[in-house]
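Chain nomenclature is as follows: A, B, C and D, assigned in order of appearance, with residue numbering initiated at 1 for each chain independently.
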Amino acid sequence: MLNAIGLQGIGVRRFIDERLPPLRDQRAVVIVNICGTTVHEYAELARILSDAPGVAALELNISCPNIKEGGITFGCSLQGAHDVVAAVRRATPLPVIPKLTPNVTDVASFARAAEEAGADAVSLVNTFLAMAIDVETRRPRLSNVFGGLSGPAIRPIAVRMVYECRQAVRIPIMGMGGIMTADDVVEFLIAGADAVQVGTANFVDPFIWPKLLDGLTAYLARHGHGAVRDIVGTVEIPDRSATTAPQRIST
Amino acid sequence: MLNAIGLQGIGVRRFIDERLPPLRDQRAVVIVNICGTTVHEYAELARILSDAPGVAALELNISCPNIKEGGITFGCSLQGAHDVVAAVRRATPLPVIPKLTPNVTDVASFARAAEEAGADAVSLVNTFLAMAIDVETRRPRLSNVFGGLSGPAIRPIAVRMVYECRQAVRIPIMGMGGIMTADDVVEFLIAGADAVQVGTANFVDPFIWPKLLDGLTAYLARHGHGAVRDIVGTVEIPDRSATTAPQRIST
Amino acid sequence: MCTLGCLAGQPLKSLETAARIVAADCPDCQLPGSIKGSQAILRGMPADVDALVLSNDRLSEAYNVVKLAAPAIAAAVRPGQFVMVREDHAGAPLLRRPFSVFEILRDAAGEPTGFSLLNKQVGVVTRALYALEPGAHLQCLGPLGQPFSVAAPSGAAWMVAGGVGLAPFATLAEALRAQGTPATLFYGGRSVRDLYYAGWFERLGVRVVLATEDGSRGEAGLITAPLQRELAALPAATELMIHACGPTGMMRAVAQLAQALGRSTEVSLEPVMGCGLGGCYSCVVPVRTGPQAAASQLVRSCLHGPVFPGDRVVWNELAPAH
Amino acid sequence: MCTLGCLAGQPLKSLETAARIVAADCPDCQLPGSIKGSQAILRGMPADVDALVLSNDRLSEAYNVVKLAAPAIAAAVRPGQFVMVREDHAGAPLLRRPFSVFEILRDAAGEPTGFSLLNKQVGVVTRALYALEPGAHLQCLGPLGQPFSVAAPSGAAWMVAGGVGLAPFATLAEALRAQGTPATLFYGGRSVRDLYYAGWFERLGVRVVLATEDGSRGEAGLITAPLQRELAALPAATELMIHACGPTGMMRAVAQLAQALGRSTEVSLEPVMGCGLGGCYSCVVPVRTGPQAAASQLVRSCLHGPVFPGDRVVWNELAPAH
């Protein structure tokens, strides 16, 4: 799916006043995704949220393709990413989780920059910058011209990026991008994600959560594992010489 | 689809001796895709092919994700891309068409580098570096670990890149990535491609060519156009204020 | 804010077992967040029915009516509500599409057994719905959204439909007739080829006024012309609610006509919807915070609509006139 | 070299009209390149049939036989050839999957009307084939590949099948019987649950030798044991061709056993195939350039196979022993 939703947040003050209390009442673990247009703004948001009870961690959206100013400009420059993370790091005692964009040549270098700047974890991937045109009207399908591509189409690229980042950093990774089934969850975990997020699949099937959870539990039981962490990063890279017939194509 | 086919070429000498003659007999217009591991090798291949009658143009694969040495290393560095194109430019009077990789932050800058180095056109996109894991065996699905993602999944990203390059350079663009239907062909043309290529769709439906061609011809007729060039780059970017209800999501 | 749920919504370093994963119901949308162990608490969720296609009646080159077996949705739906439909074929788009529930199907005992869709071909999914064969299945999630308010028996209710905008009025007409509210359908289209089911409404006891732009059926011109005449002629004392569904320009004209004469309207908007559950924010529309208020805000029409008071919609921002 | 066709295979600056687009038939693969105007010249291409599913007989938890209506393919297929199958549901993989043609179906007059597939569940598409219901459709492209050579009537023909490797032998057995060649089927599996259709071959007049690893049917152990015994006992003067299809290890063992005794073999390899037409190069296997040659080259098994002389396959490079 292609989206140009932009950020429909209600503002940090209203979020703290209206949304946080009922979540707190349910004892939910809330990770707040924040986006700013300047380093200062990110730090300021982090400071405000640190004082609000019930926030477990901050995810820094430095990768939203739908916001011209800010967001992606930090996500596509190593220095920018480092600066934002470092500033937020200084501003808050909460865990800081920058969210990386896949629209770069070498995502692992961004994970490394985030780790060096003091991030507690990284999330990846945000959406791919994309475009679709209605051939009858010849107009872009999205009023915004560009949008972010998410969903199953991007999964093999996202899995590759999680694997690359796993080789590059020691901090935990939240993997995402196109998860639709429990097998997809397992694929990200095996590639090196410590946890996963699911976006688009919710829109297609609002009952996706129990399906993923039951499937993940069944997979772990079937393979004799007691915990998710037992399979994190366990992809086996086969020794070239000992392989069976080489597979050169898939799907 | 995900592939790690590598380059199965039979070598330039055998190509010239065995493959070219029957193509020449059919008066085919042959564009030869070449790949080397050094700038010198690209230039040498170009020189050899320039002397072979029946070659119409050279496409430089500087973007194959399945060849460790060469290929992609030129495709991911602006200087490398410039050097290869410039060297081949000096080595041949044939039209030179570097093929760009989508695995970069700013594909338009590569198109610009290619144009400055004397390219006659650019092709884009090659495949996206990707990975899939078999969750039962925990091994990468491809023996090669990584492969190139092609097919309909990548189309919205490829269309965006063609549009971006169209804004950046004056030389013709060959667009590709996930074309499955005649509407997809039209979408690339409208985005700014002067011509298109079709890869993966052939494997799914070997009868795709007449379908695409009939569909394209019908589209042009239905919209009152006599030639493909009439629709190239004709995407209408709507004026924000005059728009109808904004569309924020697609597919 | 929960466009995403996080499967591991807890401090990352303590992520241990799948069974410990706990998320939360965020009050912001209808997507379920609460997952305790693997026992999902999904009370209050709409039904997701793999509905059998009973028949597909092609009315014309563009329009068709698909009858579906789906008792759970048919029993729960109220006039104006919709379903999110997913068509399951290779190459089918990922996202569902919104459709009004058209007729309620009932068995001999009058129990709801399913419903139909009135479909008009405009793109990929509507083309697939046109091509459906009996025996196929269609995944339908619903009922969703805010229904029309059914006017009090004392007053009158007018329905104004343009083309496929007729769809939500079959259930509304039945509800109005059930409580004895006199109902009129103003129904317009380009030509007679865009008008269907007029007889169905007449048999139910609904007065039907027709107009076509090419004059091929009923009055020549826009349906707003007879509407305006009748509105002007209606005694001020007669309570009236006008419901409109159709092209945005038509709904806007109806809302403005009515407002000028102090009449209430409800319009059923049709923005592109990605999820139907409040999760994706694709369907936001600008509405005034109060009837006279200058301030407006963007609200999700899948949750807070698709039915809105006509005088709350900020028509200029929704779809500026050309 | 034509993994790609170029819709505009001519100097770019002269790309004018769709009608002028001309590409070429490259001798390298079976994908059609010649498109003159919009008149495609597709002579000699296999048929792409949207085949109706007539029945689906589930033999066990893993195996099933799907009968398909496809006269064009049934009439043209030769023993050992295959079809590329595409299953059309949302989320179905993009690429087709290769399957041997199993039985040929015929009408009362003996005319070929279709064929069946012997399917074993191992992944996404084979699971979907197991779940198929009659009335569904399956896109089948074929026949493809090089067939088995059918031995001369004077000699004998042995078929060695492991599990689902039985599939190509139904058509081969019929062809052998039609010309009066004495035929034997050596058929092995893990257990009796992997052996099907033995009676079918016996009714055709084929001698059947069975073995199961767990001893639940026929001899206990690998099928290569009785094969080896009978090979040793066979008079040297008797002409013999051995055909094998099954797990790579089994085919390798058969080829090496036979070679040691100077017997000819044909093996049907099963690499992952992306297109079946020589276009994608996913299916390359290492074969010797001559029977004794040290040199080997990678050839596409969809074009030059799937059937190869057993002594040409470079088994070490294909699938090294563990």
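Definition applied: contacts are C-beta pairs under 8 Å (C-beta built on N, C-alpha and C of every residue); 3 or more make two chains touch, one makes a residue touch a chain.
In this text the structure is predicted, and so the values were computed from the model without any measurement.
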Count of contact steps on the shortest path from subunit B to subunit C: 1
Assembly fragments, subunit B aside and the remaining chains unmoved: one piece
Most widely separated chain from subunit A, with each centre as the mean of CA atoms: D
Between A-D and A-C, the pair joined by more C-beta contacts: A-C
Length of the line joining the C-alpha centres of subunit A and subunit C, rounded to whole Å: 34
Separation of subunit A from subunit D, taking each centre as the mean of its C-alpha atoms, in whole Å: 44
Whole-Å gap separating subunit A and subunit B, where each centre is the average of the chain's CA atoms: 30
Centre distance in Å when subunit C and subunit D are each reduced to the mean of their C-alpha atoms: 53
Residues of subunit A whose C-beta touches two or more other chains: 1, 3, 5, 152, 243, 247-251
Multi-chain contact sites of subunit D, meaning residues that touch two or more partners: 86, 94-95, 274, 280-282, 284
Touch-based graph of the chains, sorted into line, ring, star, complete or other: complete
Complex contact set, residues of subunit C against subunit B: 91, 93-95, 248, 271-272, 274, 280-282, 284, 318-320, 322
Subunit B contact footprint on subunit D (complex, rising order): 1, 3-13, 15-19, 21-28, 30-35, 37-40, 42, 45, 48, 86, 94-96, 141, 274-275, 277, 279-282, 284, 298
Sites on subunit A touched by subunit B in the complex: 1-6, 76, 103-105, 128-133, 135, 137-147, 149, 152-157, 159-160, 163, 183, 186-187, 190-191, 219, 231, 234-238, 240, 243, 246-251
Residues of subunit C touching subunit D in the complex: 86-90, 92, 135
For the subunit B and subunit C complex, residues of the former touching the latter: 152, 180, 241-245, 247-251
